[in-house]
Each structure stands twice: as C-alpha cells, then as structure tokens.
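Look for chain A in each of the two complexes below; its partner is chain B in the first and chain C in the second.
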Partner chain A sequence: MTVKVSLRDLHLAFPGRDGAGDKVIYENLNLDIDEGSFTVLLGPSGCGKSTLLNITNGLLKPTSASGIIVDGNDLRDQPEMSRKMAYVFQGARLLRWKTLAQNAEFGLAGLNVQPKEKWQGLMEKYFSAVGLKDYMNHYPHQVSGGMQQRASIVRAWVNEPEILLMDEPFSHLDEITAATMRRILIDLWRQDETRRTIIFVTHDIAEAAQMASDIVMLTPAPSSICYRRKVDMPWPRAMESDEVIDLEKELRRAFSEKAGIRF
Partner chain B sequence: MSTSAVPTDAAAQPARPARRALLPQNPRARNLTLNALPVLGLVAVWWFVTAFVLVQPRLYPTPLAVAGELVRILSGDGPLGSTYVHAAATFSRLLVAWSGAFVIGTVLGVIGGRNRWFFDFCANPVWIAMAVPSVVWVYIFLVLFGIDNLVPITALLVLLTAPVFLGTAEGVRAVSPDMIEMCDSYKIGPIRRLFHFYLPSIAPYLVANARVSFALGIRIVIIAEVIGLPNGVGLLVGYWSDSLYMAPLVAWGIILMLVGVAVDHLVFVPLQRRIRQETVG
Partner chain C sequence: MTASMRLKEYSAQLASLVLIILGWEIAAQTMNTNALPPASTVFATLGGLVADGDAFGPLFSTLLRTVLGFALGFLLGTAYGIFAATFKTFDELTKWLIQIAIFTPTLILIFLFLVAIGRTNFTVIILIALVVMPMIGTYIRDALKDFDPDLEGMAVSYKVPLHQRVTGMYLPFLIPPMLAAGRIGFTLSWKVAFLAEIFGFPNGLGWQVRQTYQIYNVAGLLAWLCLFIITLIAIEQLMRFVERRVVTW
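Here is the complex of A and B:
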C-alpha cells in the first residue's frame, strides 16, 4: 500500500514554566499512514494525539523532524500540500452568523476548491448524505449539537480532501448521537468513489475497535507508538459483536502491557 | 390555623391595586414613565430654582425661556444665519471624521489584537491621544492648519481613532483561539478572514466603539468650532457664551443631547440588540 503521510524522527518539546524542564511530547516518533486507510490514533489524554494532527496539517511546527511528508513532499517545503487536507474538530466550530451551507462554503472558499460552479452540487450531495439537506439554510443555533457536528463533517468532506483529519469529533456527543455519527461517517467513507485517508483521534477504545482499519496506540508523553494493529473486519461493525469485543479486549491488554496503563 | 391566614391575605390584597395605580401596566408605557420621571423631576427643580432662588433670566434661564429658544432654533432663526446651515456643517464634519476614525481604528485594532508587537508600538501614541485634553489638540491643529475644516476633522480623527483601536484590539483578543485555528486549518485568506470572521466575531465591540466614539465626537467637534471655526453649532455656542446669554446655550445643549440619544436609540441600540440575538441564538 502507498504511504500517504509519513512523519519522520519527530521531536516536540514545549518550554517548561517557572524554571521547570521542557515538557517533551515526542522523541523521535516515526509514523506512516497508508493511503485510503482509516487510521485511528488511540491514546490517553495528553499524549499528543491531537498535536500529531496539527503537525500533519502544518498548524504546528515540531521542534525538529527529518520529514513531514505528504504524498512524497515535505509539508515544510510545500505548504500547499496541506490544502489536500480538511479538519474536523472536537467541537463543531461553526461560524454562528452563517448558515450551515454558508459555513461549508467558507471551507470551500478557504481551500479554494475549483470550479466554483460545483460547490452547490457538492454541498447538496454531502448535506443529503448526513441527513441535513433540509437544514442547509439554518443557523447553527437553530439545530442540535449533533447536527452541528454533522455540518462540521460536511464542511470538511465537501472539499473532497485526500486526507481527513478528525480530532475526537464525537467525544462531546451523547452515546446515541455518537453511534449514529459513526455509522454516517463510515458510510460516507465507504461510499465515496475515492477512498479518502482518514486520521482519526480518539481515547475511546470501543470507538477505535468499531471504526479503524489501522490502530496506532500511543503511550503517555513522551509519546511513542507502543502497539499497532491492522484490522480487516468488514463494516458496519456492531459494537456488541464478538469480533469487536475481542479487539477491544486485545487493545486493553496492549495498553496494560505496553503502556503500563491499568484498567 | 386557617383563620390566621385569612386576615393576612385580605390585608395584602388591597395594597396591590394601589401600587399598580402609580405606574402604567403596559411595559412600554411603564418604561417610558420610568425614563421620563427623573427628567420631569429635574425640570421641576430647575424651574423652582430659576423662578424663586436665582432670579437672573439672562444667566439662569427658566425652562420656559429655553423652550422658546428651542422653538426659535428649530425655526432656523439665528444671529449668524440659518441654524440649519450651522448644524449641517457640524454634523457633516462629525460624520466624515467619525467614519474615518471608525474605519482606521477598526483596521488598526484588528492588526493590534493579533500582533502584540504592533499593539505595543501603538500603545504610547494611543495613550497620548487619549490623555491630552481635546482642547489642547484643537489648539495644536489650529496652529498647524490655521482656521480650516482640517482642524476639527483631524482632531476628531486623532481622538476617536484611539478608543476605537483599543476596543477593537480587545475584541480581537477575545476571539476564541479554537475558531482562529479553524480558519488556519481551512487556509482562510486575510481579506475573507477580516470580513467573514473577525468583524462578525467582534461585532458587539464594534457597536460599543461606535456608540462611545459618536458621543465623544459630538463634544469634540463643538469644542473645535467654539475655539476656531467660522461656522457650525460651536460657533453659535461661542457667540451666546460671549454674550453671556444662557438660554440659547442651554437650548443647543438639549438639541445636541437629543441628537445623541436619537442616534443611539434608532441606530446603535437596535444594531446591538440584533447582534446579541445572533450571538445568543
């Protein structure tokens, strides 16, 4: 499989406060993400999962790295590589003075998706896919939190990005809404003609087991990859299926043995 | 037990209609009454003092004398030509300078809010503009430009840009870093970011800036006209002040106050209410 994103010898440290030593997040971290994979970065809070997304998107510069490679090009030399990506955040982060459709347009304009004539078609396609076609002209405060998060997924997906960065997008939602959202996301990903590369951050083991094609487990900071597992179970995966439950158990065991985290 | 409760209720009930009778039931009418009562009280005190205590109509005009002057001003009659021509001169100066100061202050404020270095660079000039009294600025510009329209306009630009800059910078600093990160991740360019993100984000600050600077602007433009301009409301105010005739002076004060209140209630308050509704949802 082709490598889509490659982070080489990543080192990141934040200066300590009041004379304290530097807070080291990564020391020589290496990570390859396969093209078209649904890679889940799994780890405890504070291990730098979201930071990895920010570095991949060029929002944050690492202390040092021998490469932040996207499609064979170093992002630092060719920042336009980050236009191949779209980001879904923990919160919806919608502009409250714009309708859901205008929020999607805001992303399209920023990433300069061409031609402009196809924007309307793209928006209708993806708003329909997430069940929000009738709410396109509503303002964020007129819809529920789950609908807002769906709209933020559309804002990202409508750009038809090659890489989708998702930072715990369902962690703020109640479990019933989150389960629906997971199904919608997997359907979107599987139905698209071009299988996009998704890098999905979560600290929820069950969520990782249900969605991932590739699981990367990180230790607490300074983070390293302590366990990696390709998953070739078909979708949709029922949370209560034996395979998913077995995978969850395996991941918990790996956390205990490799990262020293007890459950 | 029940017998003790009955007299209490019965005693409480007659008090309610008596309280209601003082103020109208309709909320709008009640608000209007509550707003008008202190003003009416003030006019009553003014009338009493000028009619019975300080009985010098030229220096201490009665409310009736001032009302007469108000009618005269509104009819356009004035010692130095039509009052409307002077009012137009004053308000055109105010509008031009206030708009300029608002735009300049907002743009600089957005930059200052995002860039600490730029904010620090501007901090001392802004402080000087705000700390030095407006009269001093007017004299400085009189020396620089002579008796010219440039004097009030420049004074207003200098004095109004400063608070607008500070208010805007504060608003930009209060913008959520998460939302800025969202803009960064979607590669939103500077122009789109300014008009579609920063300005709507800081809209409540902008309206507050507009209100404060407009009210300040009225005061400054009058001072500039009193000191050294051949026309405008300030010239009339100076004329009556030199004549030691206070009734028209007070009348002009009331007109300026009413203009400020009208602009505030007809433009800024509805704007702020709309923004608040959009913000809260």
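Here is the complex of A and C:
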C-alpha cells in the first residue's frame, strides 16, 4: 500500500501563558496514512487532533518536523500539495452573506476545480446527498445548525479532493442525523472509483468502530500514538453487530491500558 | 420582511409624526407665546418658501457642502479603519490623535478653521471631513475586530486568492458597518455644515436660520428647521432603502 500522507518527527509546543512553561502538544510524533484508507484519529478532547489536521493542511507550522509529506513531497517546499485536500472544520465556518451554494462555490473557486461547467452538477450531487438540495439557495441563518454543518461538509466534498480532512464533522448533529450522515459518507467514499483518502477526527469510539479502515489512537497531550490497528470489516457495519461491539470494547481497553483513561 | 409588515411599520411611523405635529399644535395654542408659533403657521411659511422657490438655493448650497464633506470624510475614515485594524502599530500611533479629534467640540474646530482658512466652501468641506472621518474610522476599525479569524483560516485552507477574499469575504463583512457608520456620519455632516453656516456663511440653511433669528422671526426659523429635518428624513429613508437592497442576507 502507498503512503499518502506522512508526518515525520513532529514536534509542537505552544508558548505558555503568563510565564508558564511551553505547552507541549507533540513530541516526536510519527504517522503514516495509507492511500485510500479511512483513517480515524481517535483521542480525548484537547489532545491535539484538530491541530494535527491543521498541520497536515499547512495552516499551522509545527515547531519542527523532519517531514510533512504528501504524495512524496514535503508540504513546506511545495505548498501546492495542500490543494489535494479539502477540510471540514470542527465548526461550520460558513460566510453568512453567502447562500449555502455560494459558500460551496467559494471553496470550488479557491481550489480552482476545473472545468467550471462541472460546478453546478457537483453541487447538486453533494447537496442532494446530504439532503440539502432544497436549501442550496438559503442563507446560513435560515437553516439549522446541523444543516449548516452539513453544508460545510458539502463545501469540502464538492471539490472531490484526493484527501478529505474531517474534524468531528458529525459531533454537532443529533444521533439520528449523524447515523444517516455516516452511512452516506461511507457510501460516497466506497462508490468512487478512485478511492479518496479520508482523515477523520473523532472522540467517539462507536463512530470510529463503525467507519474506520484504520484507527489511530492518541493519548492526552503531550500526545503520542498509543494504539493503532487496521479494521478489516466490510461496510455497512451495523452498530449492534458483535464485531463492531467487540471492536469498541477493544478500543476502550486500549484507552485504559495505553493511555490511562478509564471508562 | 413582507410588504404588509413594512406597510404596518410605515403607518406606525407616520402616525408618530402626525402625533408630534399635533402635540406641537396643541402646545402652541394653549401656551400662546411668540416662542412657539403653531405648526400650521410654520408649515404655511415653509409652503411659501417652497412655492416662491426661495427654499431651494440655500438647501442646495448646504446639501452640496454636506455631500462633498461627507464623501471625503467617509473615504478617509474607511481607509483609516481598515488600516488601523490591519496594522497594530499604526493603530497605536494614531489612536490618541483620533480620540482628540473626537473629543474636541465641533464649534471650536469651526472657529479655528474659519479663522485659519477663511470663509470658503473648501473650509466647510474640510471641516466636515475632519469631524466625520474619526467617527467613521473608529467605527470601522472596531467593527473589523469582530471579524472571525476562523473564516480567514477557512479561506486560506481553500486557497482562495486575495481578490476573491476581498470581494467575497471582507467587503460583505464591512458593508453593514459601513452603511451604519455612513448614516450616522451623514447626519453629523449636516449638523457641521449647518453650524459652520450659522457662524460664517452668507448662504445656506444655517445662514437663513441666523437671519430669521436676528429679526426674531421664530416661524421663519422653524420653517427652515423643518425643511432641514424633512430633507434629513428623506435622505435617511433613501439610505435604508439602499441598505435593504445591498444587504440581502
């Protein structure tokens, strides 16, 4: 399997406040992400999951790293590598003066998706997929918070990027909508002939067990990878199936044994 | 907002205007003093001014000074606000200068300018710009502080080029505060023009008021004041109309 994204010897510390020592987030973190995988980064709040996506996307410079490699190129030498990615942020981050469709277009124009004639079709496809086709021309304040979050997912998907960065995209949704969205995401991902690489952040063990092809477990900061496994289980995975429940148990056990987190 | 809602809103506003005039009329009739002539007399005087065409010359002079001074102050103020929000050092360097300009009573500025530059149209225009610019500038500067840095991060992540960030993100963010500051600024401009005319101009609305005042023609004075207020109301309505057209979200 080819490695799509590779973070090498990552160090990051934020300067401490009011004379406190620096806050170390990563010390010598190494992470390889396989092409075409659905990699779930699983970790407790504040461990540095969003930060890891920001570094991968080139939005944040680490204190040091021997490599932030995308498709064999270091992102710091070749910033255009990050054009292969689209990012679903932890918050919706929509422009309130643009309709949902115009918000998606803002991203399409930025990532310069060609040809332009495709945009309308792409938007219709993905807005329909998340059940927002009738709301494309609404302004963010005219739809619910969950719908805004789904629109922000569309803004990323319409670019059909090689790499999708998704930061707790479903954590603000109610459980019913979240379950639907998980199924839709998995379907879209599996239907594509070129399988995209998804880096998916969550703190929800059940969500990880249900979706991941690869699970990376992070400890509280200073964060390190305390457990990692591939999941070779076909989709769709029923939440209540024995395999999924066993996997959840295994992940909980790993959290308590390797990261000292007790449930 | 639906048309019927707007109609309801307008009727309420109209009713309040009618009430004000009615209250004035009653007060004038009961007090029966020279200091407060009845609304009917004042409006008759105003009607006469309009019918003779005497109202338009002064109105036009004042309006022209106001518009030019305001336009200059608005441009400079907006530029200042954007600069001050973008460059911290520039903000720190100019902060107190701007505050002093805001604190200084307008009348003092008017006296100083009339003495220093003389009684020219140019003086009033500069004066208005000087009074309006700090107010608009600080308003825009403070509004920009509310800009969500996460949106900036989103635009960077999606590689949105600068010109599209400006037209698609910063400008739409700025339009509502610019319109709000513009409305306040325009009223301020009127008042400065008016005051400057009272103190040193042989034409314009302010000059007319001064003249009627000097011969104790209170009805005339109030007629000019009404003309002033009616014009302001009309312009305010126009601005709100434009705002509704531009700010659709």
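Just so it is clear, the second predicted complex is superposed on the first by the 263 of 263 C-alpha atoms of A that agree within 3 Å, B and C clash if a C-alpha of one lies under 4 Å from a C-alpha of the other, contacts with A are read in each partner's own complex, and residues count from 1 in each chain.
Note that in this section contacts are C-beta pairs under 8 Å (C-beta built on N, C-alpha and C of every residue); 3 or more make two chains touch, one makes a residue touch a chain.
Given the structure is predicted, the values throughout are model-derived calculations rather than measurements.
In this superposed model built on chain A, chain B and chain C take up the same space, so to speak, and clash.
With both structures placed on the common chain, the touch criterion links A:P236 to neither chain B nor chain C. In the superposition on chain A, A:R93 contacts both chain B and chain C. Looking at the shared chain after the overlay, A:G260 reaches neither chain B nor chain C.
Residue contacts after overlaying the shared chain place A:F106 against chain B and chain C alike. The residues of chain A shared by its contacts with chain B and with chain C are 57, 59, 82-83, 86-87, 89, 91, 93, 95-98, 106-107, 109-112, 139, 141, 155. Those residues of chain A whose C-beta lies close enough to touch chain B in the complex are 57, 59, 82-83, 85-87, 89, 91, 93, 95-98, 106-107, 109-112, 139-142, 155, 165. Chain A meets chain C in the complex at residues 57, 59, 82-83, 86-87, 89, 91, 93, 95-98, 106-107, 109-112, 139, 141, 155. The residues of chain B lying in touch with chain A in their complex are 178-179, 181-189, 192, 196-197, 200, 203, 278-281.
Remark: chain C residues 148, 150-151, 153-161, 164, 168-169, 172-173, 247, 249 touch chain A in the complex.
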